[in-house]
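Heads up, there are several structures right after this.
The same chain A turns up in both complexes below, where it pairs with chain B and then with chain C.
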Partner chain A sequence: MQGTIVMPKLGMTMKEGTIVEWYKEIGDPVAKGEAVLMISSDKLNQDIEAPIDGMLLARNGEVDDELEVGAVIGVVGAKGSVVPEIEKNASAPTVTAAEISKTTDQQSTVEKSSESKSARIFITPLARRMAAENELDIQSIKGTGGNGRITKQDVLRAIAELPKEEAAVAADTVKTRTKVGEGLTPMRKAIAQNMRNSLEQSAQLTLHRKVTADSLLDFQKLLAKEIESNAIDARLTLTVFLAKATVLALQSLKKMNATYAEGRLTEFDEVHLGIATSLENGLVVPVIQNAHQMTISQLAKEMKTVSEAARNGTADPGLLTGSTFTITNLGATGIEYFTPILNAPETGILGVGALQDELTLTEDGSVKVSKKIPLSLTFDHQILDGADAAQFLGSLSSIIESPFRLVL
Partner chain B sequence: MTNRNITFMTAINEAMAQAMRKDENVILIGTDVAGGAEVDHLVHDDGRYDDAFGGVFGLSKGLVTEFGRERVIDTPIAEHGYFSAAVGAAATGLRPIAELMFNDFVGFALDPILNQGAKMRYMFGGKAKIPLTVRTVHGAGAGAAAQHSQTLYGMFGAIPGVKVVVPSNPYDAKGLMLAAIEEDNLVVFSEDKMLYGMKGDVPEDYYTIEIGKANVVRSGEELTIVAIGKMVQVAEEVANILAKDDISTEVIDLRTVAPWDQETVLESVKKTGRLIVIDESNPHNNTATDIASVVADQAFDYLDGPIKTVCAPNTPVPFATNLEQAYIPNAAKVLKVAEELIVDLKKEPMI
Partner chain C sequence: MKSFDLIVIGAGPGGYVAAIRAAQLGKKVAIVEKNALGGTCLNTGCIPSKTLLQHGEAVETIQKANDWGIQTGEISINFGKLMGRKDQVIRTLTNGVDYLLKKNKVTLFKGTATVDESLVVTVGSEKLKGKDLLLATGSKPFVPPINGLDEVDYLTTDNFFNLEELPESMVIIGGGVIAVELAFAMAPLGTNVTIIEVAQNILLTEDPDAREVIKGQLKAKGIQTITGAEIQRVTEKEVVLADQTISFDRLLVAAGRSPNRELALDLQLQLDENEKFVVVNEQYETSKKHIYAIGDLIGGYQLAHAASAEGIIAVHAMAGEPIQPIEQTKIPRCVYTQPEIASFGLNEEQAKRAGFDVEVTKTPLAGNGKAIAMDSTAGFIKIIADRKFGEILGAVIVGHGATEWVGELLAMKHTEGTMHELASMIHAHPTISEAIGESANLFFKQAIHM
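Our next item is the complex of A and B:
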């Protein structure tokens, strides 16, 4: 019996992984579940375990080789057993699907074939030709013909739904997109592709607004004392309060808590909040799932957990996808206003700048020092208009200025 | 040019009569094509003859009276013999019209058609022409049972050297018959017996319709239906029903089964992307399958759905009237296969 070690898919967007380190040499005994090598995806590193007890029979790549998801990385089997095909290609950086099916055991072969069956797209010859001429991805077209077939009508509909500019430049971008990030580390490459995709696929506009934070800061101090006395293991940073305020504002404007991709707008009741987190060599967006169900202290704890996991590279892949809105805080760097790029396919991202001291005129005519937070809201103008975005910033500001609403 | 509203049968009779008047080399030969004129027992006491019956359907009635027994020749029931005579007569300068009473009897007449008439011009280096017209009758619906109801034009159409025409209305019947008689090669002229009573406007004058050219009887944008003979009526019925759903159907009357008009059919399919062929033949190795094959090959990148054929089932023609009606392709059967092709065009599902 032999078992293959296959490049896993660690997230929705992962297409290939890089071998970081081999823990085992060919011929080393391995136990089922024992780590054989470490791979890195665009977002994190992960140990890959032996599927069965035995001996490492083949290694199909060296450190820094990139292999496609599903490619065979190695083979584990009984000592002395013959490795078909793969042994010859042991040093080849990639393995074809045919070779995988030869080396995988029967069960996984069955999985492969059923997977390919469900992925089969029915499309008429005419529709296929039209899609090719218009550089459309047929996977993104819904078939309404007989047997669920994609027909000419469906392709025409897809063309009509393309943003005009995109339709015009489709040819160029499709060709260049594959090269975006070439030669970079997996994470840098992912960032490059995501940023490019975001700017290509949406109409981004940023609104700026200043909000008075005096009440919020007082409220923060007040709560901090409470928390300390209750010995909760989390810091109540300003970001936590802003996150809570954002969740509340999002629930009053669902269009901002949405994704828009391939012509489909999806608005969410749940808020899964992405928190842009900078790392030494890049950027990730860990996600706080169901942030709308959390109290301030729960949010504080969860933010601490996910950002630590992200920084240490130990985040579960599920933790890095599925956000419905993102907050990015550049306050620590002294930046006031900026133009955040949408975390596609989301329709909004909130940028938080550094606290500013300002002189303001009070109601009784005297001058006082006031703390202001500069906010930068980027939104997808395809879906939202300036008035919607202004309304969102307005409701966010009123919550920040009346912070008791955060605990109502 | 005067148009008269006359039957399909009369139109064919008129065509033969005009051809015989125009060219004395045109003769008629077959079992009972004259039908009893000048036979002793038909003579009345006053010396007057009853008019001859003129074939089993009375289609050639009157011809023997006008042209005489020299040119309208009744034969024994011996198809091999008189078809051989007809091929010989054609090779030596006459333009015979030989009648095969029902196409179901083809077995007896096949060698003169398959091995002689269809081959001579080729094998003699073009020196012999075979201007023979074979009139025959096909089609179910008359309660004539399995041996008198088949649709076999596709069988003739599979023979190189044979042209096959199948008229769908009186006007076409006359024009195609005159073209067949003028043609220097063997032409099978296959008449659907169910169309004999069909009336239509037919000019009195002599005219021909080009063999090998299909007729677009209704132009449309979204679906092409190619139909043969009486199936053209089914196609038009379907087109009318689909029009209520705002689906635009092009109906092509094939007119000639061999060689069928690839140019017209391909041009239409390239426009509409969808094709249904209606053919009353049994479902395999017939004209519909041939059209489907050529279109799949020549217009593959234009197809927006599978090519559908609507044919008779793979059985003999039943005698029981209800079963016979179930055997013949009709509008309901065509609409059923059309559903898969046009589902993406419709707003409401078809009942």
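Our next item is the complex of A and C:
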């Protein structure tokens, strides 16, 4: 009996994974469930376990090799048994870990059909390469060459006949996959692709506004005391309050709590809040699901949990996707204003800067020191206009200035 | 008045091929020819020149053999007999065309055709009416205006092949493919040949690397090549240039060909912007309905096989069948020098301009076993390909027999094979064409013998 280890699909967007470390040499005994190697997707690292008891018979790749999702990474079996030939990027006959990507799916159908006599597909080598590059299903292409052979012209025609967006997306993904982020680590590659994609797909504009935080800071102190005396385990950072304020502001302007992709604008009632988190070698955006249902202390706990998981690389893949709005905080680094890049396909992202001391005139004409938070709101001008964004910043500011609204 | 489905005017390789195919498609076909069947190709072009070149090559083979150790006496040339063989070759082929026309029930009318407004074709006393008309009138040697040329008994390819005596010396005005081929044919027979070209270089239509190989061979054969020449005048025995005078026994003017447009002008067909060639669409129909034109008359590559291919497409279009337009990049171009040049498709610059990510591989024949054994290592294989899919975009082969084995590359391109297939294909050993496989592997940086 033999079991294959295949590259798992760790998230909707994962197409390939990189071998980070082999824990086992060929010939080493392994137990079912024991970690054999570590792989990394663009977002996180994961140990891959042996599917059965036995010994590691084959390794199909070395450290830093990139394999497609579904590709066979290794074979575990009884000592001395014959290792089947593994081709790089070949799809496994038994895929245990995850679904196979679309590409692999198509390839296997094609192989199947060319085996059955009745459905033999004639296609020129050049046409086959072009179809594969554009991820076209050759069964759906009409051949006009001799014997109904599919030619280069037929493939070009099929590409031209793709619905416009699909063609653009196909061309785009091809371009993105082959060029953007080339030569970078998997994480940087993913960041490169996401950032480029974001800037290409939306019309980004950033508004800046300062908001007085004196009341919020007082409120923070007050709540901190309450928490201490009630022995609640939560650290109420300023970011937590801002997150709560943002959730409330988003519920009053749903256009800002929306995604726009593939020709579809979706406004959400629920707020899934992305929190940009910097790592040693990049950044990830863990998501607080259903942030609109959480109290401040729940938010605080959840933020701590997800950001720790993200930093350790142990976040569940589901935790890293699905946000409807994102907050990025550069306050700790002393930055005041900046122009955050949208976390596509979201329509807004809030940048938080470092607290500033400012002299202000009070109502009675005396001068006092006041704390201000610089806010930078980037929005997609395709979906919203400056007035909408200003309105959002306005309602966010009024909540921050009247922080009791956070708990009402 | 006799009625036909199609009347073809001109029985060269464009016209007779089209006529036969139309007959095969069930049409009633007439063909009109004022000279000999087979046109320029069979009578004053491809075929007689290849016959003479074969004679020249035989002489050189004997000379080489003497170097290797096969001793013969002095070679003597019976020029009359050689020309007799050439006539026999032509006769065999023109008889063949005659037989094929009869076999396919194509009616041949000998004489000069005129066509009136209502598309009635008159040949002598015969009046013919066709549903469709195909002009395949070909071309004639172009004679540039040169002082004194009118008063001199010069040759063109129309009468060059009727020479009865081997000239002691010959000047060829022109440095294109025809001129250079005839220089290669005549020099080995003992004629002292000088090529005079007004342009800055010879063989301007060919790949620069190929040109250099051929220039080396011209020099080795003692053929003098004068480029950038300023021809002041021509006299009975001399060509006077600005800086020197070249004397000759015979003078050949081979400076290109111009289309036979008389009928096209009578019919007021639309011409191209230079007023030189007849304009046609992808089905080879002219500006007038039911009048088609092919071959040298419409420009493009003025080659026999291009004319034949055009003729075939034209008659299928007339029959209302869907046609695949000719791709110019799949038309081979051959120069029958020694070594031969065979090429097709895009050169590096054209491929880059067309937006391809171009990779050019070049493999010399110097290390090729068969070429070394044959004492024929001059030449190379150059393949122009696209990096992305390995698509074959063009190729230049310079080598012994190149015009035959370019077919391998053409077949690969025609069936849309790529450099991947070319590299993994098993070539016979020892052959000169092995170098194609080597060149394909070079594309993947995996050539073995380089």
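Heads up, the rule we're going with is that the second predicted complex is superposed on the first by the 317 of 408 C-alpha atoms of A that agree within 3 Å, B and C clash if a C-alpha of one lies under 4 Å from a C-alpha of the other, contacts with A are read in each partner's own complex, and residues count from 1 in each chain.
Keep this in mind: a contact is a pair of C-beta atoms (placed from the backbone, for glycine too) under 8 Å apart; a residue touches a chain by one contact, two chains touch by 3 or more.
Keep in mind that this is a model prediction, so the values were computed, not measured.
Chemist: With the two structures laid over each other on chain A, which partner does A:D154 touch: chain B (first), chain C (second), both, or neither?
Modeler: Once the two structures are laid over each other on A, A:D154 reaches chain B alone.
Chemist: Applying the document's definition of touch, where does A:K32 land relative to chain B and chain C: first, second, both, or neither?
Modeler: In the superposition, A:K32 contacts neither chain B nor chain C.
Chemist: Applying the touch criterion given at the start, work out whether A:K368 contacts chain B, chain C, both or neither, answering first, second, both or neither.
Modeler: Touch status of A:K368: no partner.
Chemist: Is A:K225 contacted by the first partner chain B, the second partner chain C, both or neither?
Modeler: Once the two structures are laid over each other on A, A:K225 reaches no partner at all.
Chemist: Does the superposition put A:R235 against chain B (first), chain C (second), both, or neither?
Modeler: A:R235 contacts neither chain B nor chain C.
Chemist: Return the chain, chain B or chain C, that is in touch with more residues of chain A.
Modeler: B
Chemist: Could you look at A:E133 and tell me whether it touches chain B, chain C, both or neither (first, second, both, neither)?
Modeler: It touches chain C, and chain B stays clear.
Chemist: What residues on chain A does chain C touch that chain B touches too?
Modeler: 124-127, 129, 151-152
Chemist: What residues on chain A touch chain B, complex-wise?
Modeler: Against chain B, chain A makes touches at 124-127, 129, 144-147, 149, 151-154.
Chemist: Report the residues of chain C in contact with chain A in the complex, numbered from low to high.
Modeler: Result: residues 388-391, 415-418, 420-421 of chain C touch chain A.
Chemist: Which stretch or stretches of chain B touch chain A in the complex?
Modeler: Interface residues on the chain B side: 273, 300-306, 339-341, 343-345.
Chemist: Could you pull out which chain A residues touch chain C in their complex?
Modeler: 124-127, 129-130, 133, 151-152
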